[in-house]
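Two complexes follow with chain A in common, the first pairing it with chain B and the second with chain C.
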Partner chain A sequence: MDTNSEKIELRLPFKAEYVSVARLTASGIASRIGFDIEAIEDIKVAIAEVCNKLVVIKSDKSDYYTITFNISHDSLTIVFDCDDDALGCIFGDDENGLGVSIIKALMDDVNLCMNEGSFLSMTRHLEGVN
Partner chain B sequence: MAGKNNRASSYHQNDDILFERYKKDPSKDARNEIINKYLYLPEIIAKKFTSRGIDYEDLYQVACLALIKAVERFNTDLGVKFVSFATPTIVGEIKRYFRDKGSVIRIPRRIYETYQKVSDARDSLIQELQRAPRVDEIAARLGISEENVLEIMESWNAYNIQSFEQSAYQDEDVELYETIGAEDDTFEKMENKDFIKRSLEKFNDVEKEFIKMRYYHRKTQKEIADVMKVSQMYVSRMERRIVDKFRKLLNK
Partner chain C sequence: MSEELKINEKYIDGSLYVVLSGEIDIYTSQGLKERLCDIVEREKSDLRIDCSNLNYIDSTGLGLLVGVLKKVKQNGNKIYLINMKENIKKLFVITGLDKVFNIEE
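Coming up: the complex of A and B.
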């Protein structure tokens, strides 16, 4: 139900010290949707995995990336964007690596390679509401 | 005074004598006598604080030092038993140790103090609800804000700092850093060694001698030319020939 969905956007520099901000923001949003603390921990870990990867591969630290939280009544979809198309598939080099495995295990739907500047989107559904 | 003496057990009277003796003669022996008698206290108290991130041995040491402090500070005139005085002293020292040394990353006091409560509330709520609790449930239980709970959750991993030197598994003498993998280049080295050994058979003695001097002993072409009593030009040509031959063998 797209009519019910709302968006929160977070623009962060490619710096490791702000990963915690993303985690804390995500936890607040996830809690608002009604996820329990275990699910919140999962979401935070998945976000940190992506953020850390972004921070590592991007050498120009003055640039920004955007995390969009798509909020619906029973799910949270997190999309990572950046104006820099060159980054492309951030996990392209290790599709089966530990980072991707962790994200896939923690989130329900994971879309690794997206077009037009989006690196990745991942969704977690609220259990018991399906 | 008489009433107090009547109430006091002989155990207590013994203490009075011991402390009286220590006061008159503040020697290590006199102090040790008291400490030996109460050494069970640090043991019980330290055990209560285990599995909170600090090893029992460390806690026991802190508790023992606290016992010594308690003996130093104890005043028989106060009319309390030494145990009643020493216990809170030891507990206090251990708590202070947790606060000051327990965590590598210092956490704001506000969060530190609620941390334990949130952790306890989570555990009991899991039991009661038979599922993982939500943040608002924990917040309601403790009467704190949801934001506060979320902040504490974010700081959880700051508590469980992993040391490279901690044991990786319980009761095993394997330390964490030993379990971390590293690229093992031994096989490649062996293969390279084997390749060089086999390749060398295809070179004549002069060439072998050159390889030994040039690549094992790191001599210059000029030095080798002097040893072989030939011109540097000749050595240079020989080197090019040898490298070419090696390259061919390698590509085979």
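Coming up: the complex of A and C.
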């Protein structure tokens, strides 16, 4: 598979029962890229922490958010978007919480507050690939 | 949608063990919290949780265990987490909770 700059998008409702779908999707993609089992577990947990926060803060459960998996030959970048600009920095009041601690520890690059529509991104690099 | 979380209880040499199988996430954690709180209220003893077949936990699950620990400590007791898999133990270490709970092999 040519993995240069490919994208996979997952669109989910703000509902707790679908967070596992994000985890399973992340697991499949990370495995396809070549991450080992430990890294796959890390990516699953980090993504789920963002999904958890979204599900908790978003009162209108009929809306959707989008997870974009940006695949390159040496990394996986996950970007979270939704149509609701009001979401802003979703961890703004919880920078020292368990969720943020876990995300920062498990992912290589984390941007908790983005501009230009997307509100959060995180990257995990594939070890040993230049 | 989530892998089902199964919660069983067994007694070994007079001590209660809560045996967890599956995943603790935002969807399954509420049921677990209610069950553990009921057990703590009923037993008023140390809480031993067998994690041999627990495959996943997130911050929601960690948070609920901290809440249950507060209840357990009110009775002067402890929570023992037994046979955690490495991916789960890793999250306890990251969050510093490995120093709060009694983690046993």
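As a convention for this text, the second predicted complex is superposed on the first by the 124 of 130 C-alpha atoms of A that agree within 3 Å, B and C clash if a C-alpha of one lies under 4 Å from a C-alpha of the other, contacts with A are read in each partner's own complex, and residues count from 1 in each chain.
In this section, a contact is a pair of C-beta atoms (placed from the backbone, for glycine too) under 8 Å apart; a residue touches a chain by one contact, two chains touch by 3 or more.
Since the model is a prediction, treat every value here as computed from it, not as a measurement.
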Next on the checklist: Taking the superposition on A as described, I'd like to know which of chain B and chain C A:Val19 touches: first, second, both or neither.
Outcome noted: second
Checklist entry - Which partner does A:Gly34 contact after superposing on A: first (chain B), second (chain C), both, neither? => result first
Next on the checklist: Just checking: does A:Ser101 make contact with chain B only, chain C only, both, or neither of them? Give me first, second, both or neither.
Outcome noted: second
Checklist entry - With both structures placed on chain A, which of the two partners, chain B or chain C, ends up touching more residues of chain A? => result C
Checklist outcome for this item: Residue overlap on chain A between the chain B interface and the chain C interface 20, 23, 38, 41, 44
Next on the checklist: Please output the residues of chain B touching chain A within their complex, sorted ascending.
Outcome noted: 122, 131-136, 138, 146-147, 150-151, 153-154
Checklist outcome for this item: In their shared complex, chain B is touched by residues of chain A numbered 20, 23-24, 27-28, 31, 34-41, 44
Item to check | Touching residues (chain side chain A, partner chain C) in the complex | outcome: 16-21, 23, 38, 41, 44-45, 48-49, 51-52, 55-56, 97-99, 101-102, 105-106
Checklist entry - In the complex of these two chains, what residues of chain C are touching chain A? => result 1-3, 23, 25-27, 56, 58-60, 62-63, 86-87, 91, 94-95
